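Here the chain labels run A, B and C in written order, and each chain numbers its own residues starting at 1.
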Amino acid sequence: MSIIAVNGITKTYRQYRRFPGLIGSVRSLFTRQYTEEDAVNNMSFTINEGEAVGYLGPNGAGKSTMIKMMTGILVPTNGDIKVLGVVPHEARKANAQQIGVVFGQRSQLWWDLPVTDSFDLHKYIYKIPDSAFRKNLELCMSLLSVHEFVQKPVRQLSLGQRMRVEIAMALLHEPKILFLDEPTIGLDVMAKDQIRRFLRTVNRERKVTIVLTTHDMKDIEEICPRMLVVNKGSLVYDGSVEDLRAKLGSERKVIIDFRVDPGLLDIPGITLLQDEGIRKTFLVPRGESTVFEHVSRIASQYPVEDASIESLDIESVIRKLYLQLASEEQPISKIG
Amino acid sequence: MSTYFMFTLKAFVNQLAFRSEVWLRLLGNYFAILIQVEIWRAVIGNGGSASTTVEQMITYSILNTLLFALLLNRVSSKVDGSLKSGSIASELIKPLSYPLYLLFDGLGQSLYQFIFTVIPSLILAWILFGMLPPASTIHFIAFLGALLMALILSFLLGYLVSLLAFWFLSHFALSWTLGGLITIFSGSFLPLWFYSPSWAAVAKLLPFQYLGYVPAAIYLGNQNEAELWRTIALGLIWIILLLVVAHWLWGKAVRRLIVQGG
Amino acid sequence: MTLLLFSKLVRLLLKEKMEYRADFVLSAFAQIISYAGDYIVIWLFMKQFNSIAGWNWPEIALLYSIGLFTYALGASFSFVQMSGLEGQVREGTFDTLLIKPVNPYLYLISRGFNLAYVAHISISGTVLIWAIAQLNLQWSWTDYVYLLLALISGAMIHAGLLTAIGATTFVWVRTGYLFSLFFQLKEFISYPLPIFGTVVQLLLTVGVPLAFVNFYPAAFLLSYETSLIPHWAKWLVPLAGPLIYGLGYRFWMYGANKYQGAGG
């Protein structure tokens, strides 16, 4: 069953031009010139109940605009959007009651008060019954180990602790969908890991649908079986991480440790990615000769200590996708 | 010294970004002067009272409204800002005097106000309400000296408040208190000669009168030469006194900052 | 937005203020000193001139106190919230208001409900009571009701105007200077309206109707001439508050909708 249905959504921003000088500022009171820019352009997709979807794209791709439209903050210029069967901005309050939103860089907590006070207020805002509140609070606090600092004022928490609190709070009213805008930005490895594990649990066990934007591919790999990749306001990929890798990641990364540094190697068909002296990393395409053949050819010419073959990490896959998109665009932008 | 003049210039240029608000300041000053003019017309009337004419009070009001725009009253909030953000530490490492930097930065803002607010407001007020000329050449020169003293004293008072904020941590409360004292004792709305004798006597001992009453009263020639010299001497004593206190507090404040690490 | 939620918010705000208890008390004390300064200067002025436009010192104290009291009451629900809106829109924190299942306006003003105005309220309230006692007025109970209504209405006028100024944030982004213009205009109503010319009187009655805050109510209560408003309209004056506040609220909601459409 689809829980979010986005159909032909466009969001156009108007950028007003200011006229310079005093006469200009008077003039801009009467006439306003503006340029229009589509942050989201004719986008369509559906998300089913219980999915975990990663929403990614380069900066300025229209990620947060889309999140804002799905959460009812912004009104789309064109197209239909339905979240849990209602149009978010029309039924903003009803929609808000059913969703949880975490903005990575915009705290909703009370800076000078203990964490419990923010939780407590949340209960009043969302009119959560006592028993449900206690149950959910207990669950979130134990899974995110919030207990240890729940009595501390928010200003004394680390960024990772604060983010854990934000996420716990967003789940207290049992939302059906959880939107997260860059939930792991700026966190250390441990904190990231804990949040990812928690989100996976929330998604798999409590069946909360998750939509998250991120720049960290690890978030996608660990939480989201499905990803939506956007570029310049348009959807360019919708599918699983594996499929994208199969489509684009036909190369393998080969790391070879030599006994002595062989110097500059020039092997046709192979690209040197990284040179650390006796350890070199190559990018090897799969074509007429197999990866193994390449490796054994090198080993026959130079003394090789060790070799390992890896598939491309998701980061490289995405980078490749963006590069491909950029090169496809070239002719279009020349025409336009 | 040229480094410090650069701060003046920089503060001046920074203010240029708010050019659109110039007209609004002009309107604001017009309102402020209009209110006072109407009040004096209402209570003194066109005939004038025994000692003071409406024209004198209009001039007094214009001078005080515009003087207020020139005073360096943003010093303490600037220091407070860098105390709160912690940038005070980096200000202190720079190879220059922080108080002098504050002074010249403030002067830049005043220079901006002078050119873009005070001069146009003065012309506007002169056309709309009329202004008396200075009482004499001597009084005019003394008036310019009093203006300078007003700038310096306003800086020193704001600076002292910001130094006290190192201990009290509440610059807000201190500057409201300073504002209250200035309202009561500067005589910028009601000249001290209209104060009841006991209040006037207190006000004439305090430094706040230099931020309002003194320059305007000198301009109008309300003080004869002997009184003039006495007023200026007292002002200088206040400047020296505040300088000494500020210097002493500054030393303690820096030490406190180093000990506590901000 | 229930009363329950509002009281919860106020309790949290109090708790937050108590984190900086000494600072709060010091600031309140300093604000009282500052406003005492204003009163002292007016008192010194009245001591010298006895009356202005026929109003004596306790009458002027009454006029000024109604102005300050209603400002504090109205501003506690509007000023900090509305002047802070500019930063909230710029930094995107305004969005977090729109994801809550509550009316964003009501949440904004309650979340920012400013307890610091307790200083203004105590000094102006005290002087107001003193002035009424001093004037030895033979007031009937309707006069007291009228004063009460006037105080509520005055607070709503201040809040309505500040709210309307805040709403311009959604269109113009930089609004700081509009607030300073408001405060400059507010200076006019510290004195009896008749000392000003017709243009100013009209401006403060029809344009920016600040004269309804304190001058008209006080003039009716003290039986002074009100050239622009006939005597039969006395009981209509306290309606100005709800009207202006309602318009301010509508304008704000219109602005917020525009923000949702345009996206800041």
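The working rule: a contact is a pair of C-beta atoms (placed from the backbone, for glycine too) under 8 Å apart; a residue touches a chain by one contact, two chains touch by 3 or more.
Keep in mind that what you see is a predicted model, and the values were worked out from it rather than measured.
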Chain at maximum distance from chain B, centres defined as averaged CA atoms: A
Chain nearest the global centroid, as defined over all protein CA atoms shown: C
Separation of chain B from chain C, taking each centre as the mean of its C-alpha atoms, in whole Å: 29
Where chain A and chain B are represented by their mean Cα positions, the distance between them in whole Å: 54
Rounded Å distance, chain A centre to chain C centre (Cα mean): 46
Residues within chain B bordering two or more other chains: 20
Residues within chain A bordering two or more other chains: none
Touching residues on chain A, where the partner in the complex is chain C: 11, 13-14, 39, 65, 68, 71-75, 89, 92-94, 96-97, 99, 101, 103, 106, 108, 110, 112-113, 117, 120-121, 124-126, 153
Chain B contact footprint on chain C (complex, rising order): 22-23, 26-27, 29-31, 33-38, 40-41, 44-45, 47-49, 52-53, 177, 180-181, 184-185, 187-188, 191, 195-197, 200
Complex contact set, residues of chain B against chain C: 20-21, 24, 27-28, 31-32, 34-35, 38-39, 41-43, 168-170, 172-174, 176-177, 179-184, 189-190, 194-196, 199
Residue ranges of chain C in contact with chain A within the complex: 2, 4-5, 8-9, 12, 15-16, 19-20, 91-93, 95-96, 98-103, 107, 260-263
